[in-house]
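Here the chain labels run A, B, C, D, E and F in written order, and each chain numbers its own residues starting at 1.
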């Protein structure tokens, strides 16, 4: 088993056992900043090599996917879950958006198995973060769009830390290219996996702390957190095939679709739809879907990507 | 001279000179977490290779040593030092337990000289942390065992940060083995020595700040901090020989026995024996014994390990 | 273009766009500590190799330069800028002192172009930090030298973090030499450039936040921040030639002279000349001169160093 | 020593509100504010500040009584229902009344 | 604006007491608490928070007067002798009495 | 429960003053102090604590009224003009008067 996911288990275990193990908050922020920058840089270097036209098509498809994914999620949460509109919309936004760390674990998973993938995929991570949040807000505010503090929200989602660092890294990487990156490669590329392991330890501690939320959330949300990723992964695979991604790239896009945001979305929804209970969306995204994806989802999505042909 | 110990001197000097040099507390915590995890991982990888029977015997001997070491220390502190029971018990617990950083410096010392040692020694570090603390508490509470808040204490010592990270690292290392660790080796193995240097700078700053305590503590405690490590190193060597450790392993076990805890023990004793003055135990462990061990002790213990045969 | 300066632009951009991107303060401190130590270590290793006599001569010249540089700056600020004595003296001190990060960027710039330089230059960085601050204080206090809290000031400048870490690193490096450093080289040497990139991101965020100050400061100070570095670079080149530095070394000394301190000087002047408005000196040093040097100055100074012969 | 009485308004809330609170304070007439990072627990359950959504801040504003009351009322009305918010008022004395 | 008077109990002590204080506060009837990391000095000498055993916290509890007094008395009785502990009480006014 | 009234002096200022304030407090008779790192804004503009020169601290001193007044006056006289400094006084009650 991949050591890095064991770090996640260590974190969960320590938290559930009420250990006083606690990563300083500054370390958490530092690791997050590092991962976002590193992912962006790596993607940017490759992005420079890809013909713009191809990327443009793929990017458009990805953004469209991000805009639409919340709709089925919202329908399920309202229809089957009988959740209040605000909660349903907020959770839908989280699941339509993307989890950067899940993406990172997936790339590590592919690398370990020498499975190639379009190296500019990080661009799509950046592109997937925002659209679902917009849709989620619209779903929450139908009939009262006016009430939305759009400026604050736009600021949150477009200038939020993760988007700025991902796009910033992508741009720098694209501008300087492979040998421009060389002198900082040791830090941002070679150390990536180790840092990711540390971050997963932290994620485990955080996830372990959300278990209580889940109990409150109830069985429906747990089921939602296990099943919706599968549906979304399917969507991701179809989209990936349509834009002609490789098997590896398909597995990654499936993972992005199946993953739920717990960095960009929570902050944005908190400001745009405050009446939504954050414990529900974060509990499901972090307590159920994140572990499900890194343990079960990613291998499964790869298998599907390698077997499902059209 | 080994550069890493010079970082300790730099820290002590800066502190004594009242420089405003100050490592952020988050950095201190980060370095500590890193060292504990890295030590555990490295040991775990090797642990998987060793036949369980051998380890079991050695482990039992080590735990027994940890349980008994505080007794002579306590006797000295009470008999010669005329210290109050609580203080004597607390100091005895610190010296019976182990200093992870002293252990790390010792391994670096051996590695530099290409001296082999049982690579699963980190397991014994984890095992040595707790027993002496229990003995120390019992010594403080003879006649009033009931009064001990055992649950709180057990929680402190068994789920304390250092035990969790050491055992967590050991387990992960043992589970994934050498080539499983490969992708995170750069961070947790190759960078270890550099991080240790930084941590020693911090340790120097902290130790430099305890000098005042020592003046209060008086000559007896200073002598205690210099002589007891030698006695305990002797015990460590005997135990190591009995369980058939190599010269390198013997030097390391001697170092563990001779070192005094300043992470696990202080926290635990503060909760279990609050009336003990922490300035005494920490002043001696950090202001006297730690520097003594890294400058004089370790080379000496290695020499003894290589010369004392039975 | 060198990737590391792009990180600076990313930081400035994020700040001006009011992004919530914010590096934890503990990370800023950690990066600063790391850079200072690493620069010192690298320089120390080389220092051991250089004959003392040569260094002594060069060092004396550098200190003299540091003591005198504030004078012309002060004259310009008082004469042309009509600034109050305290402000003029404080700004003069900042510009007479040196910016460690600018120096680091310059060395990276040379390394990238395989241009050799005296590897003990970091010693001069340490030596240049203090003298100008003393001169600046004297300029502010002419007629009232008595009023200066010299002890506090001396403490600030001689035991300030940057001096202690630079000299500490230099000493350790000189003591253990190249192969003594080997085990910690990966952290302190190989990772240097990557860490520098992160620090420049932080510097960009800080610099972006000083733009408001500049508006208040007005056009004169902006011009000052662009022109004085050129004058000082000229001085640096002359001094470098006199003491027979190589072209690379000359470019570095020019950069040091042209750079303005924003770590040692602000803290010291705040204590010694509190009536000086820190927004002026920091705004100019960080908002104008720092970016000017890393984008325009360094390449220019190298060109001059390679062309100006006597 | 002549002192002047002012109100100290302390708002303990989710870090997500920092930007909004700062704007509100300025708009409603406060001359300044001081913020520190805190952790804690209340009706909304524990907030340990381990990561973004879990972070809390304490905002202190020293101002005239009427400003404090307006700001307090505004904060409760705007954020009190849906956010983790706790606030209290205290009587303090300052030496430079013109500052607050 | 109608306000209600409550007590603010502030306990400044060794970080090692955090878990215990939180439990005590809940047991003795406090509805919540706020903690921040501090450094300082007192009779026990300087505590600069550079490492574990040297860390200090400040715990704030807003509650009814009787709860505050019970909690304060309990803290001093239980930890006052052997730990670095400083505490004080303050009168504050809150807007939502049911919360405290 | 018998309480004793003391003054709480709170000084919010540039971090550069930490060492000086601590010395002043001791000289003027304070038995201790507590410091926390803060950020904020006032007449001197925002201080976000992102780096050295931008850092602020909050210093709390519990002491006798006269000590508090002397210290407050001294701080304003010495640092008030050229440094970012804000201070206020509050009435608090303590349980162990001998400590303060």
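Keep in mind that, in the parts below, a residue touches a chain if its C-beta (ideal position, glycine included) is under 8 Å from a C-beta of that chain, and two chains touch if they have at least 3 such contacts.
Just so it is clear, the structure is predicted and the values come from calculations on it, not from any experiment.
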Any chain touching chain A and chain D at once appears in the list none
Contacts shared by chain C with chain D include exactly A, F
Per mean C-alpha coordinates, the chain lying farthest from chain A is F
Comparing which residue numbers chain D and chain E contribute to their contact, where sharing over half means same and under half means different, the two sides are different
When D-F and B-E are ranked by contacting C-beta pairs, first place goes to D-F
Separation of the C-alpha centres, chain A versus chain F, in whole Å, is 45
In whole angstrom, the CA-centroid distance of chain E from chain F equals 19
Note: chain C sits from chain A at a C-alpha centroid distance in Å of 41
Flagged in chain C as touching 2+ other chains are 20, 22-26, 191
Where chain D touches two or more other chains at once, the residues are 19, 36-37, 90
Contacting chain pairs, sorted by label, are A-B, A-C, A-D, B-C, B-E, C-F, D-E, D-F, E-F
Interface with chain D, chain A side, in the complex: residues 22-23, 25, 28, 152, 202, 205-206, 209, 212, 262-263, 266-267, 270-271, 274-275, 278-279, 282
Contacts from chain F onto chain D in the complex sit at residues 10, 12, 36-43, 56, 58, 69, 72-73, 76, 80, 86-90
Given the complex, residues on chain D that touch chain F span 1, 3, 6, 8, 22, 31-36, 60, 62, 90-96, 99
Residue set of chain D touching chain A in the complex reads 14, 16, 19-20, 37, 45, 48-55, 79, 81-83
Chain B contacts chain C in the complex at 1-4, 6-7, 10, 13-14, 17-27, 108, 112, 190-191, 193-195, 197-198, 201
